[in-house]
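Labels run A, B, C, D, E and F following the written order; every chain starts at residue 1.
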């Protein structure tokens, strides 16, 4: 394999109601470790890559548990520091049929958010890395988060490390942060070689008038993005058609600076087990393709298959191997593997 | 909001096999509190109404637990009395695919059934109420149950409290009761302002020849009902087309004394989590509409959406808010709410 | 009822990850008892027949538990002996959507495999029996397994007990065994009155060129089988079309020596709970038909319905009654049974 | 081994709160099968004896499960009939420290209680038996229970089968039954060869003035019993000194018609896991000694050790082997067995 | 019964590791609702008193669940308001043998702490109350908490409602609050009629030199307290001798302004299930005595027995009835209650 | 900290019955990862040392899970190789009161046992290490295990890495191995600088006549060991007095080549949660002392306290920190840590 990937972001504990219960319907939480960038790190580690996590957690059993869980899945956790503040949490209620899932964030005052840009020695952390991965979740934490993300991305460019940025735009988080997302995301996109964003995300950044009604809009938005961000080489996104809470059609698109456009056929996902982290699984899958020198088409296909498999795995992490993904792409069928 | 609703009926403990196991396949029961009228009370309380339960439970940890669970969900439980006898139970095995769910009733000798009509001071219990809700489950307990239901309904009419009656016709229960359902149900229907019953239920009461083969029969049955029961203002029912145990199409109809007829489009429910209590969720949803002064059309739409959501919630209670229901009606989509 | 059925094969403990988790994602195993022939024995016992299991388990709490579980479900376990060696295990990860289920066998050195043909007093064991049931899993254990199976089948023919053989061909098991399956399976098929095998299994045995592309191939393969095996009266098989891991179409075919060919319509199975043991449920269902003197058509219909129900029951055993199966065939619908 | 033991009594499902929770503190029950006489049957089967259960259960999944559980543990269940009525239940809350455990019986209207003496063909059921075991729980069900017990005991005496009677005197059950226990128990004691009863039980039967303040009273009470009941050969009982809910001292005494008196030293039981069924474990242990031709001293020692081990096993059944008991008597120590 | 008690303080969710596991050793939390004053409210409600909770929780499923749980146990929750901020949490790891239990607070930024004194209309809230109960946990939240507590206590005195104050002094919480506890606690003690505090707590408030080496110091400290706080009528405390994590000796003392001093004998508690909330159980038990007009001696005895029983109940709430407590005091013994 | 410790031995999965149930009493296993040397590695990692595991596991989800679990707890797992063969398992039934715990090994044919001495490049593996830790469990696997252990220990001596050997003598394992333990253990002891062994273990190796009746025998045995093994510097052991299964007194002794003898006072352990791995916790604790340059007395005290804490932690690993151990030694008491 090839090239170390450094992931930078917050670790979270997910506290979920069991099965399809409403939150605290029965007095139990199932716990998973997550966080958009940690999900990518775990995926990459399981695909056989060297993946390192950079973060700050509290010096507590909760912080230790989150770090231990990443280590368990093969992520290099030596750069997960400890600092003052809480462990970021989120509560999850998994919906069903026509009742949507709900996420209740409880990350105010987290050690990662409080830490800002200060604790990280980026030149050392990026030594030997081929990619830095970060996402829009970090700047949405507020000014300190925005600064931390921008400092990291700039350090990567300075060090000749490519930057992968997943927009992960969530209006509610930005609203809480009381920051204007446009200029911050603009800066981060301008530093990225690879971005995960659809026409709506691009509209937030560029104020463009992408309506999303047709696939042309996506193409047009991508063209605007390549114009605005000269470092950007590739832009990828998924498209999710939701028949009900448990039944989706997932497809993906890739746009290349050289004008290349790829659209996959949709994968139909019935009886979804857990959709949290599917976007991160897609990002990790696409990075895997680039790291392994696959064609854009194969990378996109791998990314979509990886994201599809994520819907069958409980928790935030996409606990599948590259072999699992390739089996699906190869059409190995659905019989029991013995 | 508006108007207190008094619900009268038996509280039951549901003892269910976990997941899709057969009864006692593994040595565990998951416990829920239920009962047709209690389900309505909980729904109404969660929709923001003042809902009170009138019942009798044994003076035991089981009776206490049932009462506590209703109180937890906001129902006024001061009129749940204690009396001699057992706690009513039912055992549930949730089926799957082509294996139907099974309910095994174990309610003979329950405190509620033994109590009959005696313990209730209806004028006091109905003070300030706008509706009394009861169902055909109570008279199906036998002579004492029938008397208790009729006494309650008469007291309501005397007190100017409107009566809502859900037929809930179950042949097997009536058979056990050794009573003839027709005259008893006739009396109760004659006291009701609002009834939940379809053409088959009406046929039981009126001996009419409704075959159910077409929707016209339903309309005809409704017409017969309005003729027979001059107090009756509205008649509502659901229609369930079952593709398999986990996949249903649910639609609803409303008939008004003034001749108005409304039929909804069906809602398709795939991957059903728990269908027990869906009829009660429908009744509560429709009452919510009336209490809030909605149009009949909006009330019916709300009731159907509420009933649909019930299929996604484990247990007998429809643990959703009016906001949850309105979101579904508004077509908010199935994405994760953050 | 009618006629004792003796089932001969290995008992296994299944250690499964809970829900749709990956193996050891969380630190728990759910345990079921299984084994192809034991599954048939349990099914037959629940259909009301006298079913006896012949096997060897270790003299340990694990062997005791396996035997006790069969006894619990009504199987005569007096001929389950103890012997040196381990308890055979298998680990199961239940897949979802597009992630296939996985089975990890851990049966090397099992007490059953080590025992070979020696411990069984077949004339005594077969006294009063009408059928001996065995499967291709036993000879796939290696030379000793093959000898044990052939000795048993010969003893049955000598005693005038009909032989039912389920091919259960699994390439990976045979590969491990380092035996050539063709001559061994040929011998066993030649002793069988009834066999469960499709055109691919027959191709393994006869080297025939059945491609499976069309139903004609199946018919042709069956004709070849009846020519090669003069004792064989009936040949049955299922056909499974897998839309995804949780959604299959299951149909069945029956071939009679007299040239009769029956094909069922497919049953559509959405939201599959547990497909392990469905083939054994089919075999038991068909035997039930023969034991009860049903027509071939009714037997096949019963077998398919039984196999379909198995997909709704967790574990290896098809914990349904003949009544459950007949209700499904009769089209009783999917409403809750009260 | 030696001699078939027929046990006659009611099967019950125990629904217990998990851990040390109060009843329905969390919405779950752990289920065990029990019943005083069934507990004896399971113990004897696990000690290697032929033990048969005679009872009536409802023809329902609950009755099937109870029967299956006995079969799992090696009891001959062919004489467990089905009949009209409910499954007998009891709810258990396991106490701790200074909070006593609580049992809430829910057995009114059970199939066993309704059946009375009618369904049993005692001459056939007792064929080949050396002992009939029954207990005071059955007559405490009321007149029909009393008749059933007396008919069974008389049939045994007529058939030359020895009768073992465990008083199991529980004032609350008798109170509910509205029967006078004295004459009924008198009749049953007069038919018994072996009885389990202490001076308080004897006082109930004989109206004697045993105060229990000293061991002399026990001896005196035993003397009175042998005078009153000429068939009685042996009388055994345990004595339990309860330091708190989880810490007891258990000792045992045996009285022989020939005047022999044996008292054991107490066994100290700290950190009790489950004390339900300890008396039944004692009875089964003593019967085991008699069946195996042990001396009275060895039988008593075995019975006490068996009862002591029961306190370490969750559920009503004493899931230990004779080897487990003998190891404890032999002083094998408490190290891990590997 | 007699007199409404208003409890004022924060509601918390307790997230506990199952059994004796370390925090997140396995990925699960068991959830209980707690909070020092809420524990008192639940206890009083279960003892049959009218108990109302005044608090602020977030308008979220977590806040709803906490409120619902109090309502379930009979507390009047109409005065639990909603406000901006998080739900207060704490994580619990239950120790064993020589490994102490650990509590990790996560309540910074809670809705209750942010609310300060503003939201409460005390004259209305205290109408009809006989007692206001609050504790030192609230002022330890910081300046706003201190103000809220003092405002409440003053309002009670103004309204002629007696004030009960439980010191609940925890150095670590006060350290975080960056407030000086002495003057704040001084103010609160000066408003109290009844206080729960030992000589160490009094030393914190008064700077007295109580060393705790002998019981005389306690007496001396009490004398100083009565001198300093002329409103104070009674002072009570428990004394806990810890042999190991699971084995304590618990005794209690009461000091009366008129000079009366009562010391109980210790209760020995082996095999402790859950000690959290024992102090609150003691406070509620003593209040129960006062409300029921018991003598001081009986009140103290009741309070100690209630606190002892708490050690046997999982969770923060003392889920016992007055009857349970009285049975223990009466020496009813530890046999199973049937 | 100081010095890398390399641990060499087999990884095992422990499949345990929940709570105090008998094996497969209910159909569930709780899974823990263990293995004598892995337990030491995890302990050392949690005490802050660099600990590496050398082993062979199958290339399967089971092998992956075991490796992941060690990584989670901070062990360097890069030298855990994969090879042909099974995953070693053991089944655990945790006893109670007077019923001993039981271990059922199922490790025949494990990848580690099959691998023998071949796969390890010891010079590379030992680079930078200060200690090699191994135990008597490895040679007890048979000839290949014995060779693997001796090759490893010799390589350590050659590389100047000190050898720590824990006898872990288990007669049943050696019996299965069909090897004579004396000469093999003699060789290993002769290579060790530090050994964990008591007089009985020494008697096995040296044929000495240590009876263990008094502590003098231990001293004499130690003297014989130092004479026989000139490399041996220190010999340590624990002594366990078992009052019952849940109540032990644990003390420890240390013998130094220079004649120094230290005996600790016993620690009393009531209500034991899990005693598996306590010996490994002791070994790790003592190594921690040596690595940190503690006095022998402090090391022994630390080791005993660490072993005592292990009894409170479920699973094989001693999931405590050095701080936890030091708190216990410092007598910090048993109050809740907040």
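The rule is short, and it goes like this: a residue touches a chain if its C-beta (ideal position, glycine included) is under 8 Å from a C-beta of that chain, and two chains touch if they have at least 3 such contacts.
Small disclaimer: the values here were computed from a predicted structure and weren't measured.
Q: Tell me which of A-D and A-E has more C-beta pairs in contact.
A: A-E
Q: Kindly point out which of D-F, C-F or C-D repeats the A-B interface, defined as over half of the contact pairs being the same residue numbers.
A: D-F
Q: So, what's the distance in Å between the C-alpha centres of subunit E and subunit D?
A: Chain centroid spacing, subunit D to subunit E, equals 45 Å.
Q: Please list all residues of subunit A that touch 2 or more other chains.
A: Residue numbers touching two or more other chains: 22, 27, 102, 270-271.
Q: Which subunit C residues qualify as touching subunit F in the complex?
A: By the definition above, subunit C touches subunit F via 15, 22-24, 27-32, 60-62, 65, 86-87, 89, 91, 93, 102, 104, 106, 108-109.
Q: Would you mind writing out the residues of subunit F in touch with subunit B in their complex?
A: Within the complex, subunit F contacts subunit B at residues 26-27.
Q: What does subunit E use to touch subunit B in their complex?
A: Answer in residue numbers: 68-69, 71-74.
Q: Mind listing the subunit A positions that touch subunit C in their complex?
A: 267-273, 305, 308-309, 311-315, 319-320, 324, 327-328, 332-338
Q: What residues on subunit B touch subunit C, complex-wise?
A: Touching subunit C: residues 19-22, 25, 95-103, 105, 170, 172-173, 240, 242-247, 270-271, 275-276 of subunit B.
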